[in-house]
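So, here's a batch of structures to check.
Across the two complexes that follow, subunit A remains constant while its partner is subunit B and subsequently subunit C.
Then we have the complex of A and B:
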């Protein structure tokens, strides 16, 4: 692999052209999936009809393509991207390939909060508060895990174990709420717990996009520290990392990314675990390229899952979360098996 | 079901046979001209996204262009099938297919905040939306839809008709029960794995309250639409002088559970079973329909029961 260096005055970066060629290829695949998703559904559109629907605001199918399908596909992509980056970041910081937003309690905190909201507050307060409740749940759980794991600073192993304990406890809360909640919320709660982008609109897309940008900017500034995080504490300190402070900041960023994704899409599990592995195992690159690949694989996974969920069992429209694992798991296992050989 | 227009005329005392001119004049006076005529050349294209809205649209004399799948006997409740033959299905009440709704290019969508708040912005992008707070208040649903469809009079006449029938039926019930009236009542829904006790706030609960029934002690103390009973040990919470019992579906599992419940000593010890005042009623009319036509079917069932009692 030929590595190049880019210099512009004081700014210098090393980069691998092959890695970024891979990123470009993946973007191309995503565009293709986007176009196919726009064309497929209750009304199947040919290339010409799709172009007309996109270009002409008065086309009869324009509403379906531009107001129903496009925001839904983009929301799926954003959710997948945020979860992919969150999972990748957690795996770096925790030095553990099993780390993911599901395991350290973020998803379960958001789930417990969202299900409680659906059960008791959705009727008096309306559904607009649901993302807020889910975000507060995610933040609360992440903070609780961090505080409980604290003993003269936190170590990755303590964090993982505390997170697993917290996830189990919050899972019990979710089940309890489902069992005692008044009636009909149960169905919407199950859909939420599976993860779904049904009914996405443009304001959902712009809110989540804004959150993602707001969280990715500080992450970009911290990339050097992210690269040092997997190293041994002593080594990282020697290379200029303020281990505890940076670890706390990166964990907060990862939790927030996963929290906002889950707030708008429900408890999509598995994306945060599998997307970083796909990025790592399919390419072998490290650094920023790996993060961008994790982002793209995450986005692609949720986009494909929703495409399948929306079209495979027409006229039924199933929650995309069902198919994330259905698509991701075989691929993941195949990768592992290939690696063992 | 009697033709609502005929009924409307009989209620305001018109002669049953009228000339076309008189008929049109009377219809205009009543404000029940078909909406297309009032709204110019644009026909109303209503999509109803919950069962009570579908029922109410039919009650108001309007055939929706799209309806959601029914909970029982899908895709459409048997009592609505003649009125809704050939109507497009737009998916489930809990998750209607937005693309199907868009394809119908509706001029009005009737939804409920309880079920459709999340998709409200998208629905509003497709057509004007009548958003009901919940799905249990058949009067509110009927009046809001009557208003939105320009059929306020028709809605008012249906309400008058309902009140008149309630007054008459209440008198018959009082005569039937004599000094025991008002009797206490329980509205029981038997499902495959649980029993629910519906409360005064529920859809049929409102009708029973209007009829003057007294609620069982547990229902009087509870709030909300219904309570789930924990199991057979909680059966005494249903204690009342009269039971209206629904089987949630015709499945063998429900029949099996109902048999087990009704043969249980705790069931047989309660007042209604002891005195034979257990009336089995249709779940579709009593909890699932959610609209005025369902309510009228409930009144029919109570009247039929009174007649059976009078014979025996």
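Then we have the complex of A and C:
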């Protein structure tokens, strides 16, 4: 792998041409998937009809493509991207390739809150409050795990183990709510727990996009700290890093990214685990490139999963989360087994 | 773990006797507890001089007695399965729930229910055992094989990933097949009630036999606890012993999940509690785990019956709500000890 340096006056940056070529290729694949997703569905469109629907504001199929399919695909991409970055960040900070947003309790907190909301508050307050409830749940759980794991600072090991305990407790709460609420709630809750982008509209897309941008900007500023996070604590302290403060900031960012993603899409579980793995396997050690790859793989995974879920069993429209697991899990297991060997 | 001094053993036997007394008390309580509490006298009457005319007798014999027996067997089985895993991996955090064996068994049952809605009960049980075995195999491939198993974290994380995987698939199948959801939801939550004993006795037999088979292995397990090399030099056939332990764990966990659904944290927390009470000798520790596990599951079930009346909290939810905080406290303690 040849590393190049980009210079612009006083600004210079090293980069890996191969990694960025991979990014460009992935973007192309994503565009392709986007176009295919726009064309496929209950109303199938040929290339000509798709072009007309996109360009001509008065085309009869324009509503389907521009108001139903496009926002849904974009929302899927945003959710996947946020989860991919969150997972990558956590694996970096926890120094463990098996960490994921589910592990530190973020997803289970969001799930418990969302299911409780569906059971008791959805009728009086309407569905608009669901993302808020999920976000609050995610934040609360992440904060609780962090506090409980604290004793003279937080170590990755204690954080993971506390997170697993917390996830189990919150999972029990979710099960309890499911078991004591009526079956109709249980069904909608199960769809939420699987993860779905059904019925996405443009306001969902714009608010999630806003959140993602708001969270990615501070992450870009903290990129150096992210790259140093895998170092041993003692070594990092010796190099003059405020280890605990950086760790807290990065964890907060990762939890927030995962929290907003599940708030709009439900508890997609495998993306945060698989996407960073793909990125790490398929690129070198370049930090930013790896993050961008994790973002793109995450987006691609959820887009593909939703495409399959929407079209494979027509006229059924299944939750995309099913196929995230189906696509991601076998691959993940194969990777892990190979890694052990 | 090594063989212990005589007076420690005597002490240990004393502890075991008091645990037995505790278990009997818990069983009595479980027979008494319900929307209408019965008196001990009524329980005695119902068990030994039943009259077909008294409703309370029927209630005790057909509802409370089966769930009490199931809770005892499942509690003992899960606790011992956890203890065996902790011995096998020498990892204090190993347990069937943590490493994904429960999730594997549940996944297998969900697959069965959605593909063959009218499958016989024995097929459920066989499925649960098969799923448990599959999950055990996967965990072994992911975390235990190779020279450096990677410490406690690798096993726990591999288990968490596997659990997520199996749960994702189970959830997906349940979303597609909504009738199935209705059938299995309460079972998924983990419950010891509503299980007719006539269907359960093969599983109870499997569990009890597996529990008894631990006894002849207990001495070699003591040796294994000191490390593989040491055990080998003491004349233990390490691979054969490890294989036997894996089979026992799969049988115990699979049968217990088939009987009672997803009950977590019993296998994790009970061995630690037993370790505090008893000397480090498997011949005392394993029976202690069984007694304590049965007692705890009974108590969790009784509490679950009473807190949200007229509804019941599934016992699996109760054990997780009690066990997870204990687990976190345990972690904090350990963290403090190791600095």
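Basically, the second predicted complex is superposed on the first by the 325 of 341 C-alpha atoms of A that agree within 3 Å, B and C clash if a C-alpha of one lies under 4 Å from a C-alpha of the other, contacts with A are read in each partner's own complex, and residues count from 1 in each chain.
Everything below uses one rule, namely that a contact is a pair of C-beta atoms (placed from the backbone, for glycine too) under 8 Å apart; a residue touches a chain by one contact, two chains touch by 3 or more.
All values reported here derive from a predicted model rather than from experimental measurement.
When the two structures are aligned on the shared chain, A:321 is found in touch with subunit C, with no touch to subunit B. Of the two partner chains placed around the shared chain by superposition, subunit C is the only one that A:96 touches, whereas subunit B remains out of contact.
Using the contact criterion defined above for the overlaid structures, shared-chain residue A:126 touches subunit B, although it does not reach subunit C.
When the two complexes are overlaid on their common chain A, residue A:333 makes contact with subunit C while staying clear of subunit B. Judged by the touch definition given at the top, the superposed model places A:270 against subunit C, while subunit B stays out of reach.
Looking at the shared chain after the overlay, A:191 reaches both subunit B and subunit C. Touch criterion met: A:64 reaches subunit B, while subunit C stays clear of it.
Put simply, more of the residues of subunit A are touched by C, taking subunit B and subunit C as the two choices.
In the overlay built on the shared chain, the residue A:175 is in contact with subunit C alone; subunit B does not reach it. In the three-chain superposition model, subunit A touches both subunit B and subunit C at residues 183, 187, 191.
Subunit B contributes residues 89, 91, 94-95, 97-100, 102-103, 105, 113-114, 117-119, 121-122, 125-126, 134, 224-226, 228 to its touches with subunit A in the complex.
Within the complex, the subunit C residues that touch subunit A are 93, 97-98, 138, 141-143, 145-146, 153-154, 156-158, 160-161, 164-165, 167-169, 171-172, 174-176, 178, 181-182, 185-186, 188-189, 264-265, 308, 311, 313-314, 316-317, 320-321, 323-325, 327-328, 331-332, 335-336. Those residues of subunit A that touch subunit C in the complex are listed here as 96, 98-100, 102-103, 148-149, 151, 155, 157-158, 160-162, 164-169, 171-173, 175-176, 178-180, 183, 186-187, 190-191, 193-194, 269-270, 273, 318-319, 321-322, 324-326, 329, 332-333, 336-337, 340-341. Against subunit B, in their complex, subunit A makes its touches with residues 41-43, 60, 63-64, 67-69, 122-123, 126-128, 182-184, 187-188, 191, 198-199, 201, 203, 315-317.
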